[in-house]
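What follows is a structure written as structure tokens; I'll ask about it next.
So that you can tell them apart, the chains are marked A, B, C, D, E, F, G, H, I, J, K and L in the order they are listed, and the count of residues begins at 1 in each.
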């Protein structure tokens, strides 16, 4: 059996709700164009502040997906 | 129009509840003394453990704010 | 009074629910074999993706505990 | 309103002139294939030397762009 | 003559044999979809263990390729 | 003679022109509120892109200044 | 079904032969005391030199293993 | 009871004597303007050399202090 | 002759006196439970401040020790 | 044909003018004692401030050069 | 007995064959001009790609050698 | 007046006594072959352990020196 190859793509998911929701939103968006998504790694957590409260969460993640042959 | 300048301040927000609440608490406290808060970046997530459960979450963040002229 | 010494152990807690739950699960598991757990530090947040949604969250943490004499 | 998602792409712009020109060249090239470019981050500055002078500047940048839905 | 631009893509090559073979496999797979591959950089070496022996090597690399105009 | 102490402050200078101008702008703004500025260190170079060209350069720097006694 | 927890242990495998052999030796030694070894990550590659040739390779790896309940 | 917030400030303590003295000097100077100093972290150790001996030690530290309400 | 394997353990030594004493205390404590200690690496220097003076030094070190067969 | 070997040397170029000029000055100085300079990598950008303006730019670079046989 | 001092030199070994061969070639070249080579540390693994296969491996290493008195 | 150039050299000072002594020893040794030593930066602190006590301290430093013209 041939060896698998994976590719990594870096995206920023956002949410007005929470860190977890920003990650989920990013993965949901990535899954619309990338097939065989297999894992993710969080790279950076940041966000905008508006009048003393968090306006949105921005979480940079890398997603790994299996290349098809 | 003149160019904007921003300043970064590093704070540690805490919460007995969650990572997100610790960040929100830190930003709320920062907004009491710093005006024009614009964004934040998470730098470190840690906390105290007491008898096998998390006693408090401590999240170090940098907040960026616009300097007034 | 003699000086305290602490030891650090690195574990990966997992959860199908959230980042926070993965950390809590990891600490709960660590507290079954390590006594005097005192603090934790998050080192890495990642997870598996299954059909476009997060199958599990994997959070690597270091836990610090006081060595007994 | 749904939450935005962004993608990051890593490119190396080059120039025989300057650091700034290498960055501008890289972004100009990226804008030919990527729409909605929103921000960039400099990751590495290097270059080739030929007979004691800089033959070209090579600047690695990440560009962020908004994914359309 | 116009200045060159390069793009970087991150992939994970795997092999049951060795570090070097995992890198070669990843580059071979990348060369099926990316033209003008010019250089690579190793970012991470890891793998799975099965019953005390290495089941597969996973090497994350960045590959750089020249953009055509 | 007593030993000197210095403090570090982190700011983001911006410019629509160049990396160097963004640094100069940030230092000029810092010098309006901080006395005895002595050195700076560049920490991050980024910026906004608008329609394929750089709208502004944002350079994060640390400035060191001597504390008076 | 309860969530899995993993532990990470850091070891240095050595070999007079090659990088790969040093990793294999380290994992083989670890598997004598640790059960359920699941993955490894290479952290550092170094070695001793003796009269201009490599006397031994020393590869620091982290091994992850599943905690039993 | 409300959750605590802490702030971090970065300073450079100096001494002609030793690393430890430079840290102590920096903290002593910080305590003249910052109340509730709670902990410190060493970030960088450097210094000047004059005629082959160390003229002064410069230790960059972050000090954390509790914000009052 | 078979190849050696080493293991790394991370501990935090403390002292009310100095950086060096904290390291020595940590190694002395580690040597009570770990045999064949061979080397150490300093990973972090921090401590608590009480009323403007250092209450204790906390030095995180990794100790390497040879595994017996 | 035998394989090439390169050596890396770290230098700090300075200029009262700009980042680019500091790099050029450093490479020009290096080329007076090192032959076959082939590439450079920027490692750090800093400088001195005098009365609110940049007195000099200091750019630490690594230069790579081919070893002759 | 006086205390030893060591010096570190950074070189790039290359090979068309493998990672290990590139390291060996670099050390062999270094041993022609540096005496008392004692250890090495791998810093970076990269290489050139030509028509989808690896044309050469480039491994940056630091070599440590004992200074003679 | 022409711009200064500096060079950085990396050395490991050792001592059976303390961190500070190891740094001083390294600088003293460097000053025997390098002129115009101007500053140092500590990069790594490690050492050997023998029977539960520190046999020697090894401190890796970079020393900067002004190149003469």
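Here, a contact is a pair of C-beta atoms (placed from the backbone, for glycine too) under 8 Å apart; a residue touches a chain by one contact, two chains touch by 3 or more.
Note that the structure is a prediction, hence the values are computed from the model and not measured.
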Contacts common to chain G and chain L (chain labels): I, K
Interface residue overlap between copies chain C and chain G, same or different (over half shared): different
Distance from the mean Cα position of chain H to that of chain F, given in whole angstrom: 21
Averaged-CA centre spacing for the pair chain C and chain A, given as whole angstrom: 22
Computed distance of Cα centres, chain L from chain B, in Å: 38
Chain B-chain K separation of Cα centroids, rounded to whole Å: 44
For chain B, residues that touch 2 or more chains besides their own: 9-10, 19
Pairs of chains, among all present, that meet the touch criterion: A-B, A-C, A-D, A-E, B-C, B-F, B-H, C-G, C-I, D-E, D-F, D-J, E-G, E-K, F-H, F-J, G-I, G-K, H-I, H-L, I-L, J-K, J-L, K-L
Partner chain F, residues of chain B touching it in the complex: 3-10, 62, 64, 67, 69
Contact footprint of chain K on chain L as seen in their complex: 9-16, 22, 25-26, 29-30, 56, 60
Chain F - residues contacting chain J, complex: 19-20, 23-24, 27-28, 31, 37-42, 63
Contacting residues of chain B [partner chain C, same complex]: 18-19, 44-49, 51-54
